[in-house]
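Input: a single structure, listed below in structure tokens.
Chain lettering (A, B and C) follows the sequence in which the chains are written, and residue indices restart at 1 in each chain.
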Amino acid sequence: MAEYIIETNKGKWEIVVGLEIHCQIISKSKIFSSASTEFGDDPNVNVSFVDAGMPGMLPTLNKECVHQAVKTGLGLNAKINKYSEFSRKNYFYADMPTDYQITQFRYPIVGEGEITIDLSDGTTKKIGIERMHIEQDAGKSIHDLNPTKSYIDLNRAGVGLMEIVTKPDFRAPEEAGAFLRKLRSILRYLGTCDGNMDEGSMRCDVNVSVRPYGSNELRPRGEMKNVNSVKFVMQAIESEAKRHIEVYENGGQIEQETRQFDPTTGQSKLMRKKEFAHDYRYFPEPDLPPLVLSDEYINTVKAEMIELPDAKKQRFVETLGLTPYDAMVLCENKEYAAFFEQAAQGHDAKKVANWMMGDFFAMLNKKRLDISQSPVSAENLGNLVELISKDVISGKIAKDVFEIMSETGEDPEKIVEEKGLKQVTDTGAIEAIINEVIASNPDNVAAYKNGKTNLAGWFVGQVIKMSKGKANPSIVNKLIREKLDQ
Amino acid sequence: MSDITKLTVSEILKALKTKEFTSYELTEAYLRNMENNRNYNAYITENAEIALQQAKESDIRYAKGENRALEGIPLGIKDLFCTKNIRTTAASHILDNFIPPYESTVTQNLLDDGAVFLGKLNLDEFAMGGSNETSYFGPVINPWSKDKPLVPGGSSGGSAAAVAAHLCAAATGTDTGGSIREPAAFCGITGIKPTYGRCSRYGIVAFASSLDQAGPIAQDVRDCAILLKSMAGFDEKDSTSCEVAVPDYESFLDGDIKGLKIGLPKEYRPDGLNSEIAAYWDKAAEYLKARGAEVKWISLPHTKYALATYYVLAPAEASSNLARYDGIRYGFRADGQHLDDLYINTRTQGFGSEVKRRIMIGTYVLSAGYYDAYFLKAQKMRRLIHDDFMNAFKECDVILTPTSPITAFPIGDESMLENPINMYLNDVFTVSVNLAGLPALSLPIGLSAGGLPYGMQLIGKPFDEGTLFNVAAKIEADAKFERI
Amino acid sequence: MAIDNQTVRKIAFLSRLKVEDDKIEPTKEEFNKILHWIEELNEVNTDKVEPLISVNNVTLKMRKDEVTSGNCKDEVLKNAPAAEYDYFAVPKVVE
């Protein structure tokens, strides 16, 4: 991809960005308690005595959270650590009932990995994963119900999180955006996190620094917490980079600090400074012995792994002949890919892909429907393409048929049959229409014969129009030329 | 009839079965003792009404022949165990009127076996202390006190005093650095801290999670065996509890000890060791030798460092465990304009000075720049101390030591108060056991010249409490210690 | 390593405890005494020693993913010094 360079009248700069993404684990119960992870219930309903940090309560690890983490680690092409440890991160926080968070520190469950991102110019880039660990989420404070008080709801406290830390490999805002989309796609494929940034089930911290273009130095970074959309992440990187450059070019220094990105202003601001800096006093969680995974277990999870977007994309390109772009779009979403594969079954895959990328997505968009709610089934879309391939209907008629399908959900063959839309391939019938058109347009026939041969297209159009679109265009084309050239 | 509250648990069980008296009568008798001996300050919360109700139900079970292992036995519960719908204080102001909506696993096990709960026993605040003087509810008085009030030891001071003074048939305790064994020794009774992981910690207010372990305090070895059988067992709610079968400990009491190897750690016998306890130690060894055991000196080379190691690790874990007492979800709350003010005011007013001291020391040893020098160093020392024992157990089956170098001292003792380290030094013989996670039992061996009890400690291999009961029963039989 | 007054203040704040100004000095002295005593551990070389984290050699057991607790908000809230509208109430937290 083209390099992302910020050029001012004083010099050229490049950016160095790393992301830390918190992903809520999909599980029925919380990571260290057996209370429900259900979202949106009344306050403090899905709270056990463990979640409320009551005296003498102890954490117990949810097997499914480990399973989801290992799956995700494999999806990130990362090393699964057979030995990992839980630690306590100590700080006072109203939403955290024990006033420490159980997380992983020295020994995370997932080590280094990498994922490939797809960029708009068709190129790809590998982004390194530093590590991924599992930990518990905090509750939520509600600040707007009372002018002098905050209210605490612990329903979310204890929900499992995966924290994915990337290497500082991003050199452009677009790369960060592409990464988040790819990560979300992987998580959704695996069913380990629903990836909804606007609902907070995937939350992104962005670390930005800049350096003179071409240099290798690492300068202090601004950390922006909880940026909650892909778009805002890209904006936050841009604005933070600009801020750094301005400071440096005016002779100032950037201090490593925590900031908050405000989407309404497009700027970040410094979060309130504390009297003393945080000192989390991590130490191994004495209530949980080390987590040890066997090779056998890891292999079982490996065996469960489904085909992920990159592999699927490659297969679509290599064995089904799709363009890389179409394959990428179809593979970003597991449901799209599944729909496509079902529709393409036994039919012309490329044509099916074209139809999905065109009329089909346009229809879903227009009707504001999810693919699972599509009135046109995968099977029927495949059948429609088949009718075109077999010259039963023309591409143009197919659009009309699709229109009807998206209203009624009917089988295209049935529509074609009932409405009599079958393409006319009987040369006798087509010749009759041609003769009629030639007879009623002597001027144009003369013009054609005098060398205006591009009028052939006009004759074809007239014939198809008279056949109400049913005449097979290639037959019409062939016969017209034969007649006119006689 | 003689005083039924002086009977041991095993004697009571026999009497209840033969209907010599009812659990209700017995419970009433203990409640009377409790009322008449409030000067000991052993109980923080008395539970008379519910206790009598439980006793009544036990009597019905006896009548129907449906009696369970501890049916109708009136127990005192250290106020560190959360008991459902009964106030639980950890002897701290900060848990002000906390009523747990849940029952600890250990007390639930006892209830499931038919025990009656007389009330909640006093202790050092959050079990931090060796004299029961740090309790928000005031010190407990040792029933052996003569002219001036003596401490019962700590932290399970209320438990030991109540058992010694017959204010309950037996009691629960917890032991993080000696909190069962030292008060048992000071009060002339028996207590056992089982192997780490033997009893569930679920529902016990945590002090130092990697060291805390529950156990019984009772009048004799047999009672401890009966109680521990009921308290112990794997619990899926505690990830550090072990899936190891709990044997019938009573069956070990009649075993013989011929050929058993008893180790005496030479590091526990410094030149300055007081001659009375040294003599009792020799005597205990003699008893065992006379019964055919082989007694030998062994070495635990890192003994000297156990206390300092303990006083890094325990406060570090405590500083984190006690963070949750912040005035938001339960317990005492002091006002504060901002959240941090609320936290600071609540905790400053809610915790006593020893607890605050340990929280701050613990915070310091974990803080950035000091973690490696203190906390990590102590974790490494813990490994060495643990390995010392594992090496020693290649040469012996049980280790015999004094429980404490001293007897009970007066409440408000100047030297203990002026320097916290002096108080910490009393744990010198007990803390290593917690660091190594081993089982250890303390039983009375004899009286000092001043008429105060000394205790002997037996340390066993992991999950080998049975051998401790076997050996302890022999020493008990030979020492013929006379309880109050 | 001896600690200074500023460290005492920092440790107190991290612990959310107040040490009155006139107690800073004696607290520092006392801590230094305890820390000095602890530093006897430095007599032992532990460079090659693995820290002991879990004494009973158990590895972590895992629980089935089933909802078996919660739905007890009254019990969760009943000990709260201030609960309003089923929330725990605290002084306004400035974001």
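Note that contacts are C-beta pairs under 8 Å (C-beta built on N, C-alpha and C of every residue); 3 or more make two chains touch, one makes a residue touch a chain.
Model, not experiment: these values are computed from the prediction.
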{"item": "Closest chain to global C-alpha mean, per-chain Cα centroids", "value": "C"}
{"item": "Result of counting contacting C-beta pairs for A-B and B-C, higher pair", "value": "B-C"}
{"item": "Rounded Å distance between subunit A and subunit C, as computed from the means of their C-alpha atoms", "value": "41"}
{"item": "Subunit B and subunit C: spacing of chain centres that average the CA atoms, whole Å", "value": "23"}
{"item": "Approximate Å spacing (C-alpha centroids) for the pair subunit A, subunit B", "value": "58"}
{"item": "Residue numbers of subunit A (touch at least two other chains)", "value": "49, 52, 60-61, 92, 94, 150, 152, 279, 281, 286, 288-289"}
{"item": "Touching two or more other chains - residues of subunit C", "value": "10, 13-14, 16, 53-54, 56, 58, 60-61, 63, 72, 75-76, 88, 90-91, 93-94"}
{"item": "Of all residues in subunit B, the ones touching two or more other chains", "value": "98, 101, 210, 236, 239-240, 319, 323, 326, 328-330, 339-340, 343, 363, 367"}
{"item": "Subunit C partner contacts - residues on subunit A that touch it in the complex", "value": "27-29, 33-36, 42-52, 60-66, 85, 92, 94, 141-143, 145-154, 272, 275-276, 279, 281, 284, 286, 288-292"}
{"item": "Complex interface listing, subunit C residues touching subunit B", "value": "1, 3, 7-8, 10-18, 27, 30-31, 33-35, 37-44, 46, 49-56, 58, 60-61, 63, 72, 75-76, 78-82, 88, 90-91, 93-94"}
{"item": "Subunit C residues within the subunit A interface of the complex", "value": "10, 13-14, 16, 53-54, 56, 58-73, 75-77, 84-95"}
{"item": "Contacting residues of subunit B [partner subunit C, same complex]", "value": "97-99, 101, 195-197, 210, 236, 239-240, 242-243, 302, 304-305, 308-309, 311-312, 319, 323, 326-333, 336-345, 347-348, 351, 356-357, 359-361, 363-365, 367, 370, 373-374, 376-384, 386, 419-421, 435-437, 462"}
{"item": "Parts of subunit A lying in touch with subunit B, wherever the complex brings them together", "value": "49, 52-61, 88, 90, 92, 94, 97-100, 150, 152, 279, 281-283, 286-289"}
